[in-house]
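Below is one structure, written out as structure tokens; the observations come after it.
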Amino acid sequence: MTFKTKLMASTAAMLIASSGAAWADGHATHPETGDVLASEQTFTYRDLDESPSIDPGVAEDSAGGDILRDLFEGLMNQDADGNLIPGVATGYEVSDDNLVYTFTLRDNAKWSNGDPVVAGDFEYAWKRAASPELASPYSWFIELMSLENASEVIAGDVEPSELGVTAIDDMTLEVRLTQPLPYFAQMTTHFTTFPVHKATVDAHGSEWTQAGNMVSNGAYKLTEFVPQERMVRERNEMYWDNENTYIDTVTRLVIPDENVALTRYLAGELDRTAVPTGQFPRLSEEYPDEALSVPTACSYYYTINLTDTGNPALMDPNVRKALSLAVDRDVIVENVLAGGQKPAYTFTHWATAGFETPDIPMASMTQADRNAMAAELMSAAGYDADNPLAVDLIYNTSEGHKSVAIAISQMWKQTLGVEATLDNQEWQTFLQTRGNQDYQIARAGWCADYNEASTFLDLMDSNSGYNDAKYTNTEVDELLAEAKTADNPQANYDRVEEIIAIDTPIIPIYHYASVNMLNDNLEGWPVNNFQQNWYSKDFYKSAE
Amino acid sequence: MTAYIIRRLAVAIPTLLILVILSFILMYAAPGGPFNSDRPLPPQVLANLEAKYGLDQPFWKRITTYVWSVTTQFDFGPSFKFKDRSVNDIISQGFPVTLTYGFWSFIVAVVVGVSLGAAAAIRQNTWLDYLAVGISVGAQVLPNFVLGPILIIVFTLWLGVLPGGGWNGGQWQYLVMPVIALSTSYMASIARITRSSMLEVLNTNFIRTARAKGLSPTRVIWKHALKPTMLPVISYLGPAFVGMITGSVVVDLIFSTGGIGQFFVNSAFSRDYSVIMGITILVGSLTILFNLVVDILYAWIDPKIRY
Amino acid sequence: MFPNKATVESLEDAAHMAEVQGRSLWGDARERFFRNRAAVVSLIVLICIAAFGFLGELVAQWERDFVDFSLMGANATQGVPSFETGHYFGTDASGRDLFARVVQGTRISLMVGIVGAMVAVIVGTLYGATAGYFGGRIDGIMMRTVDVLMSIPFMFVLILMLVIFGRSLFMLFLGIGLISWLDMARIARGQTLSIKNKEFVEVAFATGVHPLKIILRHIVPNLLGIVIVYATLLVPSMIIFESFISFLGLGVQEPNTSLGALISEGNKNVGNGTPWQLAFPLAFFVVTIFAFFFVGDGLRDALDPKDR
């Protein structure tokens, strides 16, 4: 017996023992698809790094979000296409002024210790997340939700009990907002809004998230957790929809090196791992059923410092535009990244819900025309081979960012004679340099908080804290403000994208795709979920 | 001897203090902070975090509070990054892992290294000698970040006999590759030192006499040559042992063993001040301890040395 | 990772001998060195590698930072090593000529090794000589400081330093050099203690020569033999160390590169059908370090009376 089969045999034995042999029957079929289910229903995936926290109120990264969507369940869930479906709440009502949401909870939701999940658990969790005492790095999410008194609670000016959320009774939760938010219900799928079991937190303090202590209400419960190594989540028998859950055990392994992770995937140790930059073409040829590229809600761009600490030459919009024109995005997405990403001429991701990518003139030109136009703009600005423009480009340490920076600096050099100095900075240094406008051109990426164009375009607002270019344009500010209350904001978004294309405070480069190897027996992956929010309870493994 | 040990331990305290202060200054001089992220936190949220972790205090107060809680309560504080965990938690989870594979690597390096070196010396200028020298130099020059992934490709992907990484409570299958990757370069150094040291010993009058008395070659080597040969080897073992613990950075990153090396590198990058400090103090203490152990061993083996 | 106590001790013996033997030592040593075949071959190899690193660009057909966009993404099929395309070693993952990059990587790795070793040797020798020359309390304090510094986990401190001050060649030289001067300081001090009672030093002292001048003019030259041997053994350690730093992503900046950075990058793509990206830099790395080891061993044996 090889080691691998031994391992599988012992895991299977453990599963039979722990899950009451419910799914150990190899002949069971999936009721909807009719697929024959594999006898072993496990899902093992890889994370790059350990998440800072798996406390819903404190968690701050998307990998932590993946874990929390398995362990906990919020008011609403997303389906495979990203649409809202009931979670703990069966539904909600909105007042006429769109300021009060009333959620009705299901009566059969239970915590993993058997306690019922009540509205008070949500009220407690939200107030806890906002409280200065917990000091959660994600408390701003409560503020983003525009809950009544959110800013004041975070600032410590009023008690957390004043937050605009109240449990009317065990089954009814009332939420009061300060402004209408069309996407508010979507936000209740986010981990910061997940309920927390107060008795457990009171009993264990900050150690309540450790295996053995944690009480959760999701489809899975935490059974083993060794930080930076592995986490095992097993079926939560108390979960209200337990009988429609197929995967028994979800194992998360931390593997920092993506190439090692790929080797281990190919050896059959993992069901899912990221494809290293540049390896997608080969992998999709060799494993066409496993290499998977789906659009995901992030945009990759270069931001240009427009303050007086920037490069004086870059204050000229035409020079910036020339730099943007000379970037051959097709080469970047097809040859450098080669993972199904799409070239970006707009900041907003092409797949954003309700967003039609406007016609930016640059997008429909050929690269030869763009290069010619770029060269023209450059020489008009007074730069040529004898008087080349010199710029500094910073990016944070990563193979992918490095490859993109190398390619773009060469495009600038070969088409425009621009001498770009590359400066690779370690993450924290990079954040400080960029945040203090101590740069000329910097790499940046932005991922959507919710599935609507304003999550991207709000960065172009003069007052946005994330506007690292320090770009100010009153027309853009007005258009964005107007879009907030407009019935159809598309026209405003079109105009903002057009202005950005002309002023070029940022150079959009590509729209992300999430590129993974996925076991072809694992069914139910939400390929159409734009934010790639997946729930292990929706998966099942078909027999080979 | 006891007085010597006490004196050495007394020096260790100011040494550690200097280390703490030096690392503390270096750390806070670093750009960025533990709470920076791609999307800057709103000022109020940042203020809450800084208040919670004591970063709103003046520098001198932070360092005195820190030294006080470390020395009196052995409490290294909460981790700035892993918000559900304390540094004590992280070290008590990661250090046993590092210690386990570090220990086995040490054993393997010493046993294989000494045998290889001794064999080469005894059969000087034969094919065995050349082979041993070749292996040891080869093992020394192949970086372990190249060796590690190759091991995984061979043993996990091709042969399917070993798991490709992880720790899983330290079962032997999970130990094999980390130990190979970590021990090779040390094994090579030990083999080289043993070889040259043994050659030297074998040429001394004392061994020549033993041979002339007609003692069997095996007896000469085991009874007489081995002990003096080990002297320079032992002086290498102290730093080597500590080196295996610090060298665990690569092993942790490639085999995802969850050891302390990975925590250190990550904490340096994410400015997790308390974890950096905790691990630096731990490794510093170990270095001091093992230097002392080596000196004591040295005195024990070589009675000529007096303290 | 760095020359260990055992080497250090045998070096002390060697240098002691050297000093007793006086001038004739150099001639003897040279003769002994050239009788060691492995060392001589290694020396020739090293000279060739150095020539490759410093003159290789004359042979390269491409600039080291020129990206051939037509090859990008098609490395496995079109970026193969070939004389026709002028990419003798193929191309790297970004479509750049690997030959030109290996040339530059070799140069930088050699420079890191040699400059790092020089920093260590200069600082260590001056420090040790000063401590040994003055003796007494100054010596006590200076050598206790060395003891204290030796207990500091320097690899950790170096990672911190590179993180804090940003990466640059200068930081690498400085950081790596500063880590390894401690052993040199100990050796130099030991030697100085015996040299300082020699007549020529006493005469110099009696005639009122400035202490600094005595150290530089009379003591340091007499430490030269041991310093050279130690430095030769230090260089490969430095190169290995730099490769580790590159693996962590803290090495030199693009478009510059080092052998360590090239190996680390090639290693990532080894499964992607481009084995030459690992093979060429690794071969240069291994051969360089082999050669330094053998030359170092040869030099030590040449200066080591015990082997005669």
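Here the chain labels run A, B and C in written order, and each chain numbers its own residues starting at 1.
Here is the rule we use: contacts are C-beta pairs under 8 Å (C-beta built on N, C-alpha and C of every residue); 3 or more make two chains touch, one makes a residue touch a chain.
Here the structure is a predicted model, which means the values were calculated and not measured.
Peer 1: Tally the contacting C-beta pairs at the A-C interface and at the B-C interface, and name the larger one.
Peer 2: Result of the comparison of A-C and B-C: B-C.
Peer 1: Among the chains, which is located farthest from chain C on the basis of C-alpha centroids?
Peer 2: The chain lying farthest from chain C is A.
Peer 1: Roughly how far is chain A from chain B, going centre to centre by Cα mean, in whole Å?
Peer 2: 38
Peer 1: Take the average of all CA coordinates in chain A, do the same for chain C, and state the distance between these two points in whole angstrom.
Peer 2: The separation of the two C-alpha centroids amounts to 46 Å.
Peer 1: Just give me the whole-number Å value for how far the CA centre of chain B lies from that of chain C.
Peer 2: 23
Peer 1: I need the residues of chain C touching at least two other chains; which ones are they?
Peer 2: 163, 267, 271
Peer 1: Got the chain A residues that touch at least 2 other chains?
Peer 2: Each of 259, 263, 426, 428-429 in chain A touches at least two other chains.
Peer 1: Where does chain B touch two or more other chains at once, residue-wise?
Peer 2: Within chain B, the residues that touch at least two other chains are 30-31, 149, 153, 269.
Peer 1: Within their complex, state which residues of chain A touch chain B.
Peer 2: Residues of chain A touching chain B: 2-4, 7, 49-50, 52-55, 58, 60, 132, 135-137, 139-140, 143, 151, 154-156, 206-207, 209-210, 226-230, 253-257, 259-260, 263-264, 266-267, 269, 426-429, 431-433, 435, 445, 465-466.
Peer 1: Spell out the residues on chain B that touch chain A in their complex, using ranges where they run on.
Peer 2: Those in contact with chain A are residues 30-33, 35-42, 44-45, 48-49, 51-53, 78, 81-85, 90, 93-94, 148-149, 152-153, 156-157, 160-168, 173, 252-258, 262-263, 266, 269-271.
Peer 1: Which positions of chain B touch chain C when the two form their complex?
Peer 2: Spelled out, the residues of chain B in touch with chain C are 11-12, 14-16, 18-19, 22-23, 26-27, 29-31, 137-138, 140-143, 145-146, 149, 153, 185, 189, 193, 196-197, 200, 203, 232-233, 235-236, 239, 242-243, 246, 249-250, 264-265, 268-269, 276, 279-280, 283-284, 287-288, 291.
Peer 1: Contact residues on chain C for chain B in the complex?
Peer 2: 1, 4-7, 9-10, 144, 147-148, 150-153, 155-157, 159-161, 163-164, 236, 240, 243-244, 247-248, 260, 263-264, 267, 270-271, 278, 282, 285-286, 289-290, 293, 306
Peer 1: Which chain C residues qualify as touching chain A in the complex?
Peer 2: Spelled out, the residues of chain C in touch with chain A are 65-67, 69, 72-74, 76, 93-96, 163, 166-167, 249-250, 253-255, 265, 267-269, 271-273.
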